[in-house]
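Two complexes, one shared chain (chain A), two partners (chain B, chain C).
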Partner chain A sequence: MTTAADVAGEAARSRRRRRERLGKIGRHAILLAWTAFIAFPIFWMVSTSFKDAGEWVAWPPHWLPHEPTLHNYAQIFAFGALDPTLSRQATEQAFTIWKGLGDALLVCTAASLLGLLLGTFLAYAISRFNVGGKYFRHTILMIRMIPPIVVAISILIYYAIIIPYATSALFGVRISLFDTYVGLILIYTVTTLPFVIWMMLTFIDEVPYTLEHAARLMGAGRLQVLRRVVLPLVASGMVVTFLFVFILNWAEFLLALTLTHPEVTTLTVLLNKFQSAAEGRLYGPQAAIGTVVTVPVVIMGLLIQKHLVKGFSFGTIRK
Partner chain B sequence: MAEVTSNAIRAAASPRRGAGRRFARWLASERVFPLIPFVVVEALFVLTILIPFALTIWISLLRWRANRPFETATFAGLDNYQGVLASDQFWLALARTFYFSGVAVALELVIGFLLAMLVSRCTRSRKLYTTIFLVPMMIVPIVVGYNFSMIYIDSGPLNQLLAPLLGMFGIDPRIRWLSHPVAAQWAIILADVWQWTSLTFLIFLSGFAALPRQLINAARVMGASAWQTFWRVELPLLKPAIVIAVIIRSMEALKLFDPVVLLTFGGPGTSTQTVAYFLWEQVWVFNKFSYGAAASIILLFIFSFLIFFGIYMLISQRRAVEGGAQ
Partner chain C sequence: MAGIALQNLVKSFGSYVAVSGVSLDVRDGEFLIMVGPSGCGKTTTLNMISGLETPTSGSIVIGGTVVNDVEPGERGLGMVFQDLALFPHMTVFENIAFGLRVRKVSSAEIKARVTAAAEAMHIQPLLAKMPRQCSGGESQRVALARTIVTNPAVFLMDEPLSSLDAKLRVDMRTELKRLHGKLKATFIYVTHDQAEAMTMADRIVVMSKGKIEQLGTPLEIYNRPATRFVAGFFGTPTMNFLDGAVDGGATGPLFRGGGIEQPLPASLPADLRGRSITLGVRSEHVMVNGINGAASSPGTARLLEPLGDVTLVHFDAGEGRSLVAKVPPVTGLASGAALSFEFAAEHCHLFDPGTGQRLN
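What follows is the complex of A and B.
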C-alpha cells in the first residue's frame, strides 16, 4: 500500500536525482568549455604549422590546412643552403632552428645541472645544519620575487660595460660576458637556485637523519654519507627538480633577450626574431618552431605533474 | 689503537700529507662543512646580483648613453631620478602594470576556483581534467604570445567566429584587434588568464582535496544547506590556499613582459606598455642606460615593499597550513 508520504518521498527523491543529473551535465559543460578554450590556441598553432604560405592569413581562415604540407618543418630543420623553392624570403639563415636549439639545450642543461648541484648541496646544509639562520629558506625567495627586468638592466651594464672596462684596465685584456654562454648560464643558475633549494629541501627533509647518523658512526666521511646515503634516497627528487628547472630555463625570454644579441640565440629569442622580420610575419615557420619548442616541455611537465605545484608555489601548498 | 699509531707514523713521515689531511678534517668538521655550499652560493649571489646592483646605483648617478664611450660619462647627481619621477610614461606604465595584473589575477582566481570546485566533485574524470588544465602552465610564455597573436590577426579565427554577429551591424568583420588600445589591453590580459589560470586551479584543487570531509558532513547532518556549508565551512578552510594563490600570482603578474613583446610591442601608442617593457625599451631601443638604471632602482624600491609583504604573508600562511595539518 502506498501512502501519501511514500509518494511524496518518491517524488522528492526523483526530483533530487534529476537535479543531480542536471548538475552533472552543467558541470561537464563548463569543464568542457574550458577544455576547448585551452585547446584552441594550441590546435591553431599546430594546424598553422602544417599550412602553406597562402593559407596562413587566408580569409575566411582555414581551420585545418586544405593542403597539408611539411614545408615549414623542412624550412626550420634545413641543413646548409636552402632549396630556393623552400625559401621564399630573404633571411634564409634565420629560418633554421639548429642554432637556437643547440644553444638552448646547452645553456639550459648546463645551468640546470649547475643549479641542481649547488642547490642540492645547500639544501642539505640548510636541512641538517640550519645554515644561514631560521629564515634563510624564506629570504632566498626574494631572489625570485625581484622583477627580472630590474636584474636584467644591472646585469647588462655589468656584463657589457663594467667587466670589459675593469679587465682591460686591470689585466689589459678585454673580457666581456655579454652575449656569451658563460654569462647566460651564470645568470640562469642564479635565478633558478631558489627553486632548486626549495624543492630539494622538501625532499631532503623527508630523509631520516638516523640513517646518516648510523653511517657516520660506522666511519663514513661526510662526502661519503652524502654520496652513498642521502643522494640515492633523493635521486628521484633530483630528477624532478632538474626537469622543473629545465622547463623554467627553457621558457625564459627577458634575460636571454637582454643579455645576448647576435651570437647566443636561445629558442625563445629565435622565435621573437621572426616577429620583427622585415618581410612581414612568417606565421608558418613560427608555428613550426612553436610546436617544436612546446612538445618536449609539455611531455616533461606531464611527467612531473604531481610536483609542478610544489615548484610554482614554493612548497607553500601541501599535496 | 693500531690505526692511531699508524696514522701518527704516516703523519710524521710526510708532514705535507698530514697538513692536507688536517685541512680535510677541518673541512669536514661540524662547524665548517655546512658552510661550504653556503659560502659558494652566497658568493655567486654577491657576484651576479649584488655587485651589478651596486654598480647600477652608481651608473644611475651618471649622465651617459650607451652609444658613447664610457669615459665620456659625467656625474649628474640625481638628475636621472628626477627625470624618471617626472615622466608620465613611467607612472602610466606602472599604473597599467597594476591594472593588468589586478584584472588578470582576479579573473584567474575566480575561474581557477570555480574549475577546481567543479573538478573536485568529479570522480572518474578528475584526473583527465587535471591533466588537460595543467598544460597551459607548461607552455613557453612566448609561444602563448605567438598563439594569441595568430588568433587576433585581422583574418584570424576570432574574427571568423564574430563575423555573423558583426555582419548584422554591417561592420567589416576583419578587425585588427591589436591596433585598438582597449582591445589590445584585453588581448594581453586574456593571454595571461589563459596561461596562469592553470596555476590557481591547481592550488585550489589541492586546497579542496585537503578539506576535512568529516567537518563538512557534520555541518550537513546538522542541517546546513549546501550554500551555508560552502560559505561558512569550506571557504574559511580554503583561506590559506586563496591567500597563497593571490600572493604568488600577483608577484608574477607584475613582471608581465613576454606577451607584450609578442603581441603588441607596447602599442598601439603606449597603451599596453607595462613597466618591464618601458624599462627594456629605454635601455635597448633608446640606449638610455643611466636613465634605465635610475628607473630600475626606483622600481625595485617600490616593489620591495610588496616583496617583503608577500614573503611575510607566505611565511605566516605556511605556518597556518602546517599547523592545520598536524
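What follows is the complex of A and C.
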C-alpha cells in the first residue's frame, strides 16, 4: 500500500531527477556551444585550405569547398622555381613554406632546448638552495606576465642599434642581433625561461632530498647526483616542459615580426606575408599553412597530456 | 674500523639552536643509539657526522682525522635513511651497485659484491625488481644491502625502522643486531623509540633540547636515570613522579608529599634532609595491597589494564594524584576498590625539582 508520504517522496524524487537531468543537459549545451565557438575558426581554416581562390570570400559563405582542391597545398609545398600553373598573377612573393618551416624548427628547437637546460638548472638551484629567497619563484612568474609588446621595441633598439654600435665602438666589429637566428633564439629563450623554471620547480620539488643525500653519501659529487638521480626522475617533466615551451615559441608572432626580416622568417611571420597585388590576401595558402602549422601543435598537445600524468606521478617514492 | 669523536658540536639555524655543545666519544665497533623526542637534535647530530650538515662550531673526528670539511662521500660512512631513499628509477641491483658505480669499480667486481651483499641480506630474488615492487621489509633489506656493499667503517641509521609495522620492526631489530655482530663496524643509530634503544644498543645517548642528558648502557639508563627527563622518557608506563620533601624520621629518612609518607634508604646523603625533591618510582616498584610486599598508604583503584603477563593498576593516591603500579596478573582488584600501596625504597629516584638532576 502506498501512503501519502510515499507519494510525496516519489514526487520529490522525480522532481530532483528532472532537475538533475535538466542541469546535465544545460551543462552539455554550454560545453557544446563553447566547443563550437572555439573550434569554428579551426574548421574554417581547414575548409578554406581546400578551396580555390573564387570560394575564399564567396557570399553566401561556402561552409565546405564546392570544388575541393589541393592547389593551396601544392603551392606551399612546391620546390624550386614556382610552376607557372601554381603561380599567382602579379606577385613576386615566394609562396613556399620550406624556408619558414626550417627557420621556425631551428629557432624553436634551439630556444626550447636552451631554455629547458638553463631553466632546469635554475629551478634546481631555487628548489634546493632557496636562491633568491622565499618569494623568488613568484617573482619569476610575474616577469612572464609582462606583455611582449612592452619589451619588443626596447629589444629592437638594443638589437638593431645599441649592440651593433657598442660592439663596433669597443671591438671594432659590428655585431647585430637583428634578423639573426641567434638573436631570435636568445629572445625566445629569455621570454620562455620563467615558464621553464616554474614548471621544472614543481617537478624538482617532488624529488625527496634524501635521495640526493643518499647518493652523496655513496660518493657521488653534486653533478653526478644531478645526472644520475635528479634528472632521470624529472625526465618526464622535462619532456612536458619542452613540448609546452616549444608550442609557445612555435606560435610566437610579435617578437619574430619585430626582430626579424627578411633573413629569418618564422612560420607565423610568413603566414602574415601572404598577399598578392592582384588578389589581395591569399587566404587559401594561408589556411593551408595554418593547417600544416597546427598539426604538430595538436600532436604535442596530446603528448603533453599523456606525459603530464606520468610527469606528476612518480608514485614510487615513499614519503 | 673507526671511532668517532664529537667535540663541542653546535648547530644553529638562524636563531634556533638545534644542537648545543654536544661532546661524545663513539668507540670503534660500538652500537650507539641516540634517542630523544622529536626536535631534540639527534638527527641534526647524525647529519653533521655524515657531512650533510655543516656544524656551526665544534669538530667531528673520524678515525683520528677532523672531517669537518670532508665531503660526505669521502668520510667512509654508510647511511640508512628514515624513508630509505631507494632510487625509484633504478632496479634493486642498480640501487645496491650505485655506490660502487660512482667509485668506478669494475663491472665484474660490482656484480660479485652486489650479489654478496644481496645474499647477506637474503634479497637475491629481488635484484631485478624495482623498489616500488618491494614490500616494506624487503625495501629495508635493500637499503641495508646498499649500505653494506661499500664496506663502510661506520653505519649511520636515521630511524630506519619507523616505517615498518610492529612485528617486522621487532624482526629487523634482531637482524640489525646480528648484522652489527657480523660486520663489527661502528653503528650510530637514531630513534625516538626507547624499546629499540634498549634492545639493540651497547650504549645509549639520551638527548633533549639539543643537549646530551645522559650517556650510558641501557641498564644504567633504566636503573639510574641521570635526570628527571631520562627517567620519564624510558620505561612503559612512564615513571610515577611526586613532589615533596625529604624529612628525617625516627626510623630513617622519609619522603613526605601529597599526603604520602614513604621511607627512603638509610644510605641517603644527609644533606638532602629538609630539601624539596621530586620522587620518581617505576610502576614495577609500586607495591599494591602487599602483593609485592608490605604496603601502607591508602588509595583507590581507578582503571585496570590487564596485559597478560602483568596488570597495570591506575589508582588515585589522594589529592587527585594518579599513580600506576605494575602488578602480577591476578590482583583481585576492581575499579573503585580501596587499596594500599608503598614504593620499594631502594628503587626510589630523587630529582631536583628545578634542574631535574638526580640527587641520590
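Keep in mind that, in the parts below, the second predicted complex is superposed on the first by the 293 of 319 C-alpha atoms of A that agree within 3 Å, B and C clash if a C-alpha of one lies under 4 Å from a C-alpha of the other, contacts with A are read in each partner's own complex, and residues count from 1 in each chain.
Here is the rule we use: a contact is a pair of C-beta atoms (placed from the backbone, for glycine too) under 8 Å apart; a residue touches a chain by one contact, two chains touch by 3 or more.
Every value quoted in this text rests on a predicted model; they were computed, and no experiment measured them.
Once the two complexes are laid over each other on the shared chain, residue contacts for A:38 go to chain B alone; chain C is not touched. By the touch criterion defined above, A:218 lies against chain C but remains apart from chain B after alignment on the C-alpha atoms of chain A.
Within the superposed three-chain model, A:229 lies in touch with chain C and out of touch with chain B [touch as defined at top].
Residue contacts after overlaying the shared chain place A:161 against chain B, while chain C stays out of touching range.
Of the two partner chains placed around the shared chain by superposition, neither chain B nor chain C is touched by A:273.
Contacts of A:99 after superposition on the shared chain: neither chain B nor chain C is touched. Chain A has more of its residues touched by B than by the other of chain B and chain C. Comparing the two interfaces of chain A, the one with chain B and the one with chain C have residues 221, 314-319 in common.
Across the complex, chain C meets chain A through its residues 50-52, 71-74, 77-79, 81-89, 98-99, 102-103, 130-132, 139, 146, 150, 163. Interface residues of chain A facing chain C in the complex, by the touch rule stated above, are 208, 210-211, 213-221, 224, 228-229, 232-233, 314-319.
Put simply, chain A touches chain B in their complex at residues 27-28, 30-31, 34-35, 37-42, 44-45, 48, 57-61, 63, 118-119, 121-122, 124-125, 128-129, 131-132, 135, 138-139, 141-143, 145-158, 161-162, 165, 186-187, 189-190, 193, 221-223, 247, 250-251, 253-254, 257-258, 267-268, 271-272, 275, 283, 286-287, 290, 293-294, 297-298, 300-302, 305, 308-309, 312-319.
Those residues of chain B whose C-beta lies close enough to touch chain A in the complex are 28, 30, 33-38, 40-41, 44-45, 48-49, 51-53, 55-56, 59, 66, 70, 111, 114-115, 118-119, 121-122, 125, 129-144, 146-151, 153, 155-157, 160, 163, 174, 194, 199, 202-203, 206-207, 210, 241, 244, 248, 251, 254-255, 257-258, 261-262, 275-276, 279-280, 283-284, 289, 292-293, 296, 299-300, 303, 307, 310-311, 314-315, 317-318, 321-322, 325.
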